[in-house]
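In this document, chain identifiers A, B, C, D and E correspond to the written order of the chains, with residue numbering beginning at 1 in each.
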Amino acid sequence: MLNKEFSFTLMGVLTTLYKFFKPRILGIVLALLFLSVILVSVVFTSWPAVDQLPQNLDDPSNIEGIGLLIFTDLVVPFEILSIVLLSSLMGAIYMAKGDGDE
Amino acid sequence: MIPIELYIGLSAIIFSIGLYGLMTQRNGIRILMSVELMLNAANINLVAFSSYNADLTGQVFALYSIALAACEAAIGFAILMAIFKMKGTINLDSINILRW
Amino acid sequence: MAENLMLFAPELTLVLTGLFVLMVGLFLPTGAKKVLGYLASIGILVALSLTVSSLGTEGMAFNDTLSVDALSQFFKIVFLVVALIVSIASIKYTEGNSHTEEFYALSIFATIGMMFVASANDIMVLFVAFELASLATYALAGFEKKNQKSLEAALKYFIIGSLSAAMLLFGISFIYGLTGTTSIPGIAANITALSTSPMGIVAVVLMLAGFGFKIALVPFHMWAPDTYQGAPSVVSALLAAGSKKMGIVAAFKIFIVALIALQAEWQIAFAILAVVTMTYGNVVALKQTSVKRMLAYSSLAQAGYISMAFVVLTPLALGGGILYALSHGFMKAGAFIVTAAVAYMVLSDNKDSEDTDHIDNFKGLGVRMPITALSMTIFVFALAGIPLTAGYMSKFVLFSSTIQSGFAWLAVIAILNSAISLYYYAKIVKYMYFLPTDLEKVSEPLPYVAALLIAVAGVFAIGFWPEPFIHWAMEAAMVLIPGGM
Amino acid sequence: MLPILSLIVLIPLVFAALTLLTKTKEQARLMALVATVSVLILTLYMYLNFDSTTAAHQFEELYQWVPSLGITYHVGVDGIAMPLILLNAIVLPFLVLFTWNDERKSPNKFYALILGTEAAVIGVFTALDFFLFYVFWELTLIPLFFMVSIWGGPNKHHASIKFFIYTHVASLVMLLGIFGLYFAAWDMTGTPTLDIPTLLAQFQLIESALLKDMIFLALLFGFIVKIPSFPFHSWQPDAYTEAPTAGSVLFVMLKIGGYGLFKIMLPMLPFTGSPNMMITIMAVLGSVSIIYGAFLALSQKDLKRMVAYSSVSHMGYVLLGAAGLVSLSVSGAMFQQFSHGLIMSVMFMSCGIINNKTGTRIMNDLGGLAQKMPKLAVIMVLTFMASLGLPGLSGFIAEVSVLAGSFGNLPAYVIIALVAIVITGAYHLWALQRTMFGVFDKKLGTITDINRYQTLSMGVIAILILYFGLNPSAVLDMMLTNSEQIASMMAVMGV
Amino acid sequence: MAVENYAFLIPLLPALAFVLTFFFGKKLPNGGAIIPIAAIATSFVISLLITLNLLANPEEVVSQSFSWFAMLNIGILVDPLAAVMLTMVTFVSLLIHIYSLGYMSHDKAQSRYFAETALFTASMLGLILSDNILQLFICWELVGVCSFLLIGFWFQKPSAATAAKKAFLTTRIGDVMFLSGIVLLFTDLFKIYNGAIPDGVYILRFDVIFSHIPEIAAMNATIFGMEVSHITIITLLFFGGAVGKSGQFPLHVWLPDAMEGPTTVSALIHAATMVTAGVYLVARTFPMFIAAPSSLLVVAYLGAFTAIFAATMGIVMNDIKRVLAYSTISQLGYMMLGLGIGATIGAEAVGISLFHLINHAFFKALLFLCAGSVIHAVGTQDMRQMGGVAKVMPITAATMIIAALALGGFGIPGTIIGTSGFFSKDAIIESAYVFGASSGMWIPYVLSIVAALLTSLYIFRLIFMTFFGKARTDYGGHESPATMTIPLSILALFALFFGGLATERFNTFVSDTFMNDFVHVNIAELAEIGGYHLGHHGHEPLIILWLPLIVAAAGLLIAALVYGMKVVNMDRLVSRNNPIYKLLYNRYYQNELFTNFFSVKVVYEGLSYAGRAIDTGFDWLVGWLSDLVLETGESLRQFQTGAVQNYATAVITGVSLLIILIKVVMEVL
């Protein structure tokens, strides 16, 4: 046991690495594939608004704007969200709660 | 000034980490965490774009999506709890009676 | 504001019904909770009649985040009809269950989510409503929390659902980033930045993954067979017949209205997915022994057919796809209700039965439950596309439009597929009528029969008198492509 | 004016539903008899009022159905359809009579399916709208499928599924062809229509020769699988053999493939991109079917299977005659359908009786039945003779018209068919010898002759075989009128 | 009263008799035999009256046509050719029916017998009366079916059923050729009219056909590189039909087997009906043959060959009926030969041939009926078990010897003294000589002379073996009843005297067939189309007139020496070790060749099983395809592992790949 934990031979390292990666290798490859696809796309895209970032600097707090938006333009999603909350609450409670009636 | 590509890159990396977690993890909780990671990667995007587009909609969206993520987590945990109660484990490997 | 609200009277009725059912349910003893089903059904019926009576009205509401037009009306009717069928059938299913109010509230909320998706004119509304429909059904799928299969179904549904929600959101974030708006017409107007960059494809595919999850397109389908099989049959009916259509209407709105500039990209995607999905669904369905699983794969195949509308993209094709959505609603809801009835029958034979959905249970159904068996025959024949049923009519419009636009190869594949599909549909009929059983005749529960009759009526209505339905579907299609491309 | 065509489709349908509700065999068979006899009466009325000097449609009815897609309820009959309707109307009452005393499970379903088939088949013959046509076309499948699967022989499931899928695939391909035609016409005229005469007229206006060929071939495929012709016949022996007697007879009544050939294919033929290729395809398939079916029939041990293969052979004449493109050959092919229907129904009835009484259809196990069943022997010899093309009986008229008519255009194929005549004679006689003649095998037990219902039904059809053999003009005149029209169209196009 | 108007009754009455006897015969005495007898008697009377009328007024042919279907008709035509045939057939058939009263009196299925013979007669009469080739073919086939039914009359005997089938199938090969000829003829005529046939023109009627012979002859087809006129093809195909029906080589194999039926049926087949149909067909379409000289040559050669070929086999048969059967084949060969030499003597050939046909009908019917009488009495058909029957059955013996003399062709040339066979057969042989003289082809003549020798030999072998000498087995026999002997006697009278009485008128009467209001053809002109000129009768040397009689007498002498007085021991010759005897006895191994090898091995086991294999192949292919789909379904199922991470992996892979794929496709497009 001791022997195994402290062996830093190349073979040992490789074996450990192999054991670590073997079940994960597909996940890693696919995640990297996805990442690279996204990143390539990102790089080859000309993003339009880079210069305009400072515009928002004069009003660092957006809370008011956000609040306004929530209750004016975007009130519908907000309302729907309330139903979402209600139903997920209901669902979560139903699923999680033990069966009292049994 | 930070170019927006970096924000997007960050979110993409976080998203990919979430994907990786989803593909490799066997524990239900970790899976949930991975999902949260992905949702939040999207939120980073939204906020960054909101800022770069000088449009607050994105930030509102991010807020909503955080709420949704919470709901999702709640349901997810509840389902996992139910499973745990029945099987005593939340190891996803043991949950495959439905197949083929 | 008042007119705004009037436009959404059906949704509001449903919300009130859901809340009312939930409240009433809390005060009722388990034995009396049967009344909740009737309440919910009446509420849905009211909402349905409100929708039908307001057919033809159009309008935008709430700062143009919601729109009422022929398309949304049509799909609202689809969702409400499915909800009605499911809720009537569930009267029997939830009998004696102490959590009836949760069941009904959740299914009504899920329906509301679907309806909002149908009328969403803003991607944010669409996403939130989409999530509402998802979250409510996660719990519904696991409604039988003593049943390992049901829980597993819920878990798989949930995990893949979350994944695709994340992908959808990720995709939306890119669209938002490059167009600077979340309004659907706004996106269409500001599409240039997106359509000229490689991000366009990424966004399209991410959205496709999000919707494809709901529509159950290969390879985003893998939860569907498990969930449809494991979930309670009535819930499967809601998922297959209702929430699948929500994915379709969302895809219609996003791709055809908002991302029309990226048409070439997503047409390729849909062409690939449609072919793969219908073939995979049909071929895998051949050897299934669980009827619900078979229906799930069949539902995959049908999703593949409907996806052809995206490839062809003519008014007639879209009309066909939309009509198909309605027909499929009737057929698939009906078929899953039949499995519910069979499960009820099996459980009344033997309380501890495990595989209530195994095809062996269908042996001699023609004798044991004649109405159910006859309805099932009608549904599977309709699914297979036998004439004078809704399935045939929709296939007729959809496939023929495919040929009209020169996609003969696609139509050939689709038609070959529908020939293959006949094998497993006929297998069910064979089991029901030709294989003997020594078990007794079972009295068929009224709610199931009522639900089945509604579905049968729908199947035959579209099959025999398709003119008004085609008319509505075409009007709905015209909303998507006003010029008529 | 009575909507007579709608009635002859509706009556069996309504009675089929009513029959399903009956409880006893007596009620069910009475229902079926009433329905089939009333169809017969209406059809005879129609036949007597039929003007065989015109090729136009008669007794037409036209209502809008789905205007936005150009679907109408349009029915009517011409000289191609009328004889086939007559055939169905004649045989079905006798089929009911034939089964009068049979014992079987769920007779109500049985008779309902018979009526359902009748309605669907007659529906195909009356439909003048492709939508309606296809609807009835597919509807013919369902009752027959059930017929085979419920009351069929030991191999019924395999046979019924094979039949169903085989012919369904064909129908779907045909549907593709219909779609192609529909939209090509729609694109040209701007208005959708599925009206058969209109579409047939518009077919020639399509510009792309390739498209026309594709449409033609797709439709042709649908029809020849139903006929059935080599090499798409393999569903047929199984289905015919495994079906109960009534089912086999119903299969024989299913002349919709050949009907489509005359009604839809031939008017289109001269306008296809390469008519000569199409003619060759039809002629090759026809003549190969004739000789191939004959050889296969010769090699069969099972009487019913032999009859089934003989049917493949006989239906080859239909294709060959259609490809002959002369009014005589085309009308001969039509007459072949008619006469084949009569002959085969009696042949299958005979097979059914033999199977019932002796418990086997293997010819080597039979023998000398003529001593025990003289009445059956007489009828069977007559029909076998008719089937092998004996002059004076209806089969001969058809064969000789086809052969004489087609020879001018297709000499090589006709020679093949002529060779097959000898083989045809061989297997028929051989079958007769091994079943009816020779020494009676005591193992077969006590065997009684056919009962009077069977005698009546088979006898009447047998007499009709003789009648139409002596007086073919009774139906051939109307066929000739239509086939002359077809032939003149060919002549105009120089095909 | 114009009896012509009732000509249609001639076939109709027996047909009606068939229906009545078939359905009601069982309830009547003698199986209702009286119905067909009365019907045929009436037909006979009508035929006779018409014939007499025609004899007086050769122009008054009876011709009635009705439209049948398409451009075809049904009609009757009684010209001299038909009239003599009708009279002969009704007469012989009537006698055979009367004879059958006694012969069949013990059979349970009597009524079926009389019904079928009535139908048989009716079909033959219909065949003769036809005024168009298609109707002729129809009756032709009906004759075949009746023969099938009658040969298989005792169908419970497997051998009878087999023989019936063989008869039908073999003749059917000929029928198909005949039908092919009709089809080709129809097509040609259709082409000549260019598809537009005027109303009232029935294109398969003989007058129409004959009037278009020049056009048809002008059409050519290339077969194996040879230019062949359509008229030649058509006539050869017609002759093919005649070969089948009239038992010419190589389609004669059914005739000997046809003995499985009752002897009366054999008499009917061999004398009056069936087999003469082939000769009648060639005679009827003779104008076409005239225009096709090569076909006539084929007819002549095949006829002559058949005459000798069958005669050789007749010598060695031991079954009394088989000897007669081969005799029939041989005599039919003579008739064909007579027709075939029409290229030299023109329409007269029809007269000669028909004359022999009529005479043959009388004496062959007589021979069969006598044989039947003997079999009836003796109870066996094997001549080796007979002998000395003359003592028991004097009338039968006497009549049979008369018939044998007629068959052998005994008579004095240059006078009208002689048996009927003498006049007709010698005429054929003499014509063959003329033919040889004018064309230089002597083979038919030589063959016919040798055949005459053999004929005499085998028939007197039969006579001696049967009627003379000592009884070889112990049979108890007695003379037949009057119903049987009276027909025998009548026939014997005809066999003796008819030839002499009719020989003057007959030829010209029948040869006029093609020169009347209905059919009017100029034989000589047609011959010109065929590219040759008709020869003229020269005067034959005297030896030619006497030679047939000499060889016949020689045959008689040999038979008397060998079988009557037994001066030559035949044991060494008649043994299985003698290869020639063996070959003859086994009938040239035709049964093995045609039936066992060709029909069974090649067609049945070879071709039909090959077809079956192909069919199984198709089935297998379809099955394989469907199994493939099912198996694919089964293996694709495995993707659905049940582990949710895999599902997620699929989604992610799908997304990534789809992005790349779309990019690639976009680039490509």
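Side notes on the structure shown:
By our rule, a residue touches a chain if its C-beta (ideal position, glycine included) is under 8 Å from a C-beta of that chain, and two chains touch if they have at least 3 such contacts.
Just so we're clear, the structure is a prediction, and the values are computed from it rather than from any experiment.
Listed by label, the chains that touch subunit A and also subunit B are C, E. With contact taken as defined at the outset, subunit B and subunit D are each touched by C, E. In this assembly, the chain whose C-alpha centre lies farthest from subunit A is E. Distance from each chain's C-alpha mean to the overall C-alpha mean is smallest for D.
Farthest chain from subunit C (centres taken as the mean of C-alpha atoms): E. Centre-to-centre separation of subunit D and subunit E, using mean CA positions: 37 Å. Computed from the mean C-alpha positions, the centre of subunit A lies at a distance of 98 Å from the centre of subunit E.
Taking each chain's centre as the mean of its C-alpha atoms, subunit B lies 96 Å from subunit E.
If each chain is reduced to the centroid of its CA atoms, subunit B and subunit C end up 26 Å from each other. In subunit E, 626, 637, 640, 642, 644, 648-649, 652-653, 655, 659 are the positions where the chain touches two or more neighbouring chains simultaneously. For subunit D, the set of residues touching two or more other chains reads 165.
Shared contact sites, meaning residues of subunit C that touch two or more other chains, fall at 124, 127-128, 131, 135, 138-139, 142, 145-146, 154-156, 159, 163, 167, 177, 180, 198, 201-202, 225-226, 423. Those chain pairs judged to touch are A-B, A-C, A-E, B-C, B-E, C-D, C-E, D-E.
Taken in their complex, subunit B has these residues touching subunit A: 1, 3-5, 8-9, 12-13, 15-17, 19-20, 23-24, 51-54, 56-57, 59-60, 63-64, 67-68, 71-72, 74-75, 77-79, 81-82, 85.
By the touch rule above, subunit E contacts subunit A in their complex via residues 649, 652-653, 655-656, 659-660. Taken together, the subunit E residues at the contact with subunit D in this complex read 67-71, 134, 137-142, 145, 148-149, 152, 155-158, 160-162, 164-165, 168-169, 172-173, 175-176, 179-180, 182-184, 186-187, 190-191, 195, 599, 603-604, 607-612, 614-615, 618-619, 622, 626. Put simply, subunit B touches subunit C in their complex at residues 4, 8, 11, 15, 18, 22, 28, 31-32, 35, 38-39, 41-43, 45-46, 48-50, 52-53, 55, 57-58, 60-61, 64-65, 68, 71-72, 75-76, 78-80, 82-83, 86-87, 92, 95-99.
Subunit A contributes residues 23-24, 26-28, 30-32, 34-35, 38-39, 42-43, 47, 49-50, 52-56, 62, 65-66, 69-70, 73-74, 77-78, 81, 84-85, 88-89, 91-96, 98 to its touches with subunit B in the complex.
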